[in-house]
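Chain lettering (A, B, C and D) follows the sequence in which the chains are written, and residue indices restart at 1 in each chain.
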Amino acid sequence: MRKLSVGLLGASLAMTMMSPALAEDTDVTIVLSEELDLIDPCMASQSNIGRVVLQNISETMTELDGSGGGLMPRLAESWETVDDDTWRFSLRKGVVFSDGTSFGAEDVAHSLKRVVAEGLVCEIGAKYFGGSTITTEIIDDHTIEITSDPAQPIMPLQLSGLTIVPSETPMEYTREPIGTGPYVLSEWNVGQNVILTRRDDYWGETPAVTKATYVFRSDDSVRAAMVATGEADFAPKISELDATNPATDFAYPNSETVYLRLDTLTAPLDDVRVRQAMNLAIDREAFIGTIIPAEAILATAIVPPSTIGWNADLKVPAYDVEKARALLAEAKADGVPVDAEITLIGRTSNFANVTEVMEALLAMYQDAGFNMKLEMYEVAEWLDFYSQPFAEDRGPQVIEAMHDNAKGDPVFSMYFKYASEGLQSALRDPAVDKMIADATAATGDDRTSKWSDLFAYLHDEITADVQLFHMVGFSRVSERLDFTPTIATNSEIQLSQIGFK
Amino acid sequence: MTDTDQIPDKALEKEPNAFAQMMRMLWHDKVALVAVIFLIIVAFCAIFGPWLLDAAATKQNLRGRNSPPFDMAKGWLFVLGGDALGRPLFARIIVAASNTIMVATGAVLCSMVIGSTLGLIAGYTKTRASQIILRLADVIMSFPSLLLAVIVLYMLSPSVTNIIIVLAITRIPIYLRTTRAEVLEIRERMFVQAARVMGASDMRIIFRHILPVVFPTLLTIATLDFAFVMLAESALSFLGIGIQPPEITWGLMVSQGRPYLTNAWWLSFWPGLAIILTTLSLNLVSNWMRIALDPVQRWRLEIKGKKQ
Amino acid sequence: MSAHLLEVRDLSVEFHTVHGQVKAVQSVSFHLDPGETLVILGESGSGKSVSASAVMNLIDMPPGEITSGEVLYRGKSLLDMTGEERRAINGAKIAMIFQDPLAHLNPVYSVGWQIIEMMTTHGMPSDQAKQRAIELLLRVGIPDPESRMRAYPHQFSGGQRQRLMIAMALALKPDILIADEPTTALDVTVQAQILALLKELQAETGMGLLLITHDLGVVAEVADNVVVMNAGEIVESGPAGEVYANPQHPYTKRLIASAPGRGEMAEPVKAPGEPLLRLEGLSKSFGKFEALKDASLTVMPGEIVAIVGESGSGKSTLAKTLLRLEEPTSGEAFYKGRDLFKMSQKELFGMRRDIQMVFQDPTQSLNPRMSVYDLISEAWVIHPEILPKPKWRERVAELLGLVGLSPDHARRYPHQFSGGQRQRIAIARVLALEPKLVVCDEAVSALDVSIQAQVIDLLDGLRRDFGLSYIFIAHDLPVVRDFADRVVVMQGGRIVEEGTVRQIFEAPRNDYTRALLAASLDPDPEVQAKRRAARLELEVLRP
Amino acid sequence: MRHFIGKRAFASALSLIGLIVLVFFLSRLTGDPTALFLPLDASLESRERFRELHGLNDPIIVQFGHYVWDVLNLDFGDSIRKARPALEVVLSAFQWTLILALTTVFLVTVAAIIIGSLAAFYAGGVFDRIATFLSLIGASAPDFWIAIVAIVLFSVNLGWLPTSGTGTIWHWVMPIAVLFIRPFGLALQVVRGSMITALSSAYVKTARAKGVKASPIIFVHALRNALLPVITVIGDLAAGMLNGAVVVETIFGFPGVGKLMIDSILQRDFTVVLAAIMVSAMAIFLMNLLIDIAYSVLDPRIRY
């Protein structure tokens, strides 16, 4: 009772006092799901850091067009191969960093060195350049040759992830990121907000947004509510359940794919019939539009359809419990221990409704005759199951995972997920290993068809896993903004693309 | 030397037994009576719920999800609506009572037994052991309970038993400190000295003389704590480190239904209401017990109905 | 007819309790005039305090309820007044002091504040009130009043606290002072001083004094008129001297008859051989405070040794040390020739059977959650060699019979008994162990006079039948006089005098013993009047 | 007094050391932060490099030795996630927690005392029953549930209050209100119980005999005596709040120490966890000391 009156009192005063706070109408407020730990450009591959840093503070050599336009120049104006393992890039002239120094080949070389430097754990380095040795040669101030061992046929694509920092940047995490982008970090009030303001000396077009304030709320519904009440202009990630207003809420493919990894090393999952039965036993369609957003697509591969080599011929396995049971019975007749208890492992808060999805999957599998139990783990524990080395006496495990590949090339996925040495691979198939190696080294159409063959082999021949859904994200954009989220919104928000109505 | 000192003499003949007297006091406090009846129903659900309704509670129907409440078309089990997987909420709430009550009861019992035993030792002995126990209580008190939850649930697994362990550990200091404080006082009472003069052993003094006197206080705290533990369990679920599906508790149901608050309120409302009503009942019963077990206050419950 | 200062007419009060409606006061009438001292005499449960509370509007309603009657102050009905009007009279016109001043003074405010509040509440400016408070403290005999004003109740002695209460009550020169057992918890010497102070102040102000007590001695000391109450009703009233000399009602007669201090004094027992217990140079310190200094005494088999002294004299410490509830700082205690303090745990356990204790307050010394059967048979649980289990029930019944209770009582719990009955249960429990020596620590002090006499008789009978020895600790000299063989007087942790009852009571050598005897009140108003005169000669009473 | 503080500090330091040792070793049992910090695809070498860099490869006892040595040199280590001194991270969050906790505790205390005292005075009456019942209902609801309903109601539907975050004074209203409810229910019960005892005590009888009015009897005579158990409970509540209010902080995006703690635990950022524990422990120690001082101020019988 008392609380209510406090609320009422507060509210009536609030109405009179809150309204004038809106500053210039070219300022925007963006609400992210997590507070930023760091704002170092070399960590920009983490989605929330990327949403602040990428192309706003720090720019990259090349840029992947979110609306499907392929790879575009950014700080590199053009590129060509010198030989199998060396690429030459011509850099844009007249670009200055926000600290006033001008951009040149020196800076590119330094940035490449920095992301793989010892004593500094850079996610970009680990993600895009892990396992290969990169050397650079500065031809002149605006020309640079980059050599990779082993050869990297998609070097320009990889460089779309590399943030360029000035050559003076120390080999430790910086809290004052300097970049060539149209915005500078002007305030970082830890725990409250991060503020970017527009630069006057940017080399490209002057964007419309003058100031961007990033705030952080971990609760989905609060983020949606903030855009609804006008406290924020853009929430790149909201829950599907809150995305109820067609005027402000957008679904966009977020390049995430949900799948169940089958442990092909342990009986009974080492039997292909059992794996096929696992694919047949679930009614994928039933999820769509219920606990999985209607805009999601059923998957046949671990990468989204926009990726090269994606195989349109692959068919989603039909829901056929009878056939699943028959396959199980067949396997059982051959002495496969199909009654062994299989552990279905899910990751808590992996995506909206993950718990319901896992419960539904469990129910379907049990219905088809699998002896299965469900365990949900928070990320740290889940990783122990998902990544090598696997425990010795783990028993048959089926692990739910969501994989993100927004880069358009399967190379960023296949080795890790399917090669014998791949960190999250529970497959030991020499044929697959060879196909991955071949495709990685190939270029052009050859590359496309090699990947395509691999997908077909994995899906139809050996049934390596249970592919489920290509997911969509939901975002809420204030009606005063002229902005449509794309697949890129999962990793970056280019403030320069935001306009006002 | 109060004026009512001799009254029992007169009443000696018609002294009712303790149970009947309790029942009478309960009858006089209608609010507490309703609370007790509600708790009995909850206990019934907890014991027989899974046995009666488990099949109904796990039957999924993805295409008939989030069906609204009070629609009898789908059968009485759907009177409170359906959840995100199309399972009847009514059945699920009843089945979830089992785990919810088990977690709460287990945690309260464990912490009460361990806490009060340590408290008895700490209060009764004047030795170093008592100091160590007190420091231990301090450590537990300032040990972040969430960290404890993560540690236990990481090393073991998020099962009902382990949730009980986590919650029990965090509640131990409450009983420990209360028991110790009471024991320090009771230890000096005459009847304890009388027992000592008779040659009673420490064990006998502790368990026969001190414990029964502390017990009503512990019982009152335990009732309150029962409510607290239920809420703590639901907060753990909210933070994603509590019980995990396919196990269900009310707390888990609330946190699972949370995203639907704006478009399918009933998902989290009914289990939330179950928690509120149960904890409220426990609080009311605890309040009633505090009076009923206190001879000085007892008249408040005795005279109602005869006067006013 | 001019109105009395205070008149209570046909007052009845009922209480709602666990056991239903209880009539605490039934049709009680009395009156008080200026300058008069009216004493309401009664034992616990007689309704005497309830009557006074009704005058002050202090009965909690519920559970209490005034069912009939009126209370008139100068002819005006108090019961018909509004709360506001009653408040104006309370304190200003009718003031009250209570039995336990420590509990009745607010522990967290300075005494000065509390006395001043009495006056400011009734409209006196605070600087004037402060001046008056200092005068009052001086008047009731608190030295250095200006600085003591800032002290808190716990920083005063028991007697001083009652003086503070009196100062507070008299701050506004009330017409009536109600004193509810004002001296019950106090030592005898202090009691005499407080009563004297009250009389002096009454003489100064001419107020009416309504004093409530259970003690015939207090009646004899101060009363003009007396009202005797029993079980909520007035059984007799009249001038104090007449009532004492010529009681009409059987209850009054019994009350007067059971007053201790007029029986035969015991003749010294000739020591038959070895002493049962011999204490040598016993000392006990708590930190720097020496509670017991070099105490020595002997107890012969079958002998009753009384230890008398006021609070803080060390008599309880002596008992506790003897029973090894406290460890002595130094000294020896030989029981049947063996040193109690050097005994091993096992020997000590055996000795526990032989030396037992009866505590002051049976309400506290009996575990409220054990039945009488459990309480008594616990002795045999602890010492199973005394009695085999099959015989327990029979023996409990026997012991209950021995202390004058019925075997049926074994199933009941302590709270279902009266104070006297509880003490009998405590004695039965002690007897279950078949002890040789029983230490009675103020074992009858909390009991009403009539019950006191019964318990004493019981103890005396047990000595005859079983040859028990007693160490009888008491502050009440008349009881000691009737019961003990030898008396040990303690003061400030030391034994100051020791001798046979006759020696101590008839020819005390020590000044302190003499002061104690002089301060002790005799139920006979005439005797008391003589003592009062004699007491004035003894300077030790005035600090 | 000085002796007392010394003794108290010693006991607290002892507990704190025990706590740190326990947390240090137990938290190591929950796995190391490498896998969480690096992307899934990170190679085994880069994982190894990360472990080497943060000393996670040393035997745990050596790690502990390093930690103790650093702490003795007043270096509480750096946060792995945030690459900032852990103490700085914790202190910046703690200032928010401190303000939130103190404000809430203050409001709880004042409200519980006023309402609880009146409920005790009218024990059994209508006011008492309504106050008790409402406070119990509030205390019985899961706080995250209340918080979200409050946002939906007051921010989205009614538009009266900002949903979350910090900034104006209005941002504080809902977090404080949600945080207020449960402790208030508990404190109210304690005040009520303690006041009932105090109001039936002998010195209140004296005050009535003096003709003192009802309000000074309640708020002057009885209240000060009734406050000791209340202060103990308030102290416990405040100590709980100084450990942060995870749920409220999570929902309202409030940058307090509770959210920091749970995030650090989940991310295995142990230095931050340890620093947070130390800062909270210090604050709780100081608060307990204040409470002891409050005891002796309120009750002249208590002297240390």
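Going forward, a contact is a pair of C-beta atoms (placed from the backbone, for glycine too) under 8 Å apart; a residue touches a chain by one contact, two chains touch by 3 or more.
Here the structure is a predicted model, which means the values were calculated and not measured.
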item	value
Chain pair with more C-beta contacts, B-D versus A-B	B-D
Distance between chain centroids, defined by C-alpha means - subunit A, subunit C (Å)	85
Gap in Å, rounded to a whole number, between the CA centres of subunit B and subunit A	45
Centre distance in Å when subunit B and subunit D are each reduced to the mean of their C-alpha atoms	23
Centre-of-Cα separation between subunit D and subunit C, whole angstrom	49
Touching two or more other chains - residue numbers and ranges from subunit D	30-31, 148, 152, 200, 250, 266
Residues of subunit C engaged with two or more neighbouring chains	none
Multi-partner residues of subunit B (at least 2 other chains)	150, 154, 258, 261-262
Which pairs of chains touch, using the document's own definition	A-B, A-D, B-C, B-D, C-D
Parts of subunit B lying in touch with subunit C, wherever the complex brings them together	1-12, 14-15, 21, 189-191, 193-201, 204, 208-209, 212-213, 295, 298-299, 302-303, 306-308
Interfacial residue positions of subunit D with respect to subunit B in the complex	11-12, 14-16, 18-19, 22-23, 26-27, 29-31, 123-124, 129, 132-133, 136-137, 139-145, 148-149, 152, 182, 185, 189, 193, 196, 200, 239, 243, 246-247, 250, 261-262, 265-266, 273, 276-277, 280-281, 284
Contact footprint of subunit B on subunit A as seen in their complex	220-221, 239, 241-242, 244, 283, 286-287, 290-291, 348-349, 352-353, 355-356, 358-360, 362-363, 374-378, 380-381
Of subunit A, residues touching subunit D in the complex	1-3, 6-7, 10-15, 17-18, 21, 35, 37-38, 40, 45, 118-119, 121, 123, 125-127, 130-131, 172-173, 175, 190-192, 215-219, 221-222, 225-226, 228-229, 231, 378-381, 383-384, 386-387, 412, 416, 423-424
Subunit A-touching residues of subunit D, taken from the complex the two chains share	30-31, 35-46, 49-50, 53, 79, 81-84, 89, 92-93, 96, 111, 115, 130, 134, 138, 148, 150-152, 154-156, 158-166, 168, 170, 173-174, 177, 180-181, 184, 250-253, 255, 259, 263, 266-268
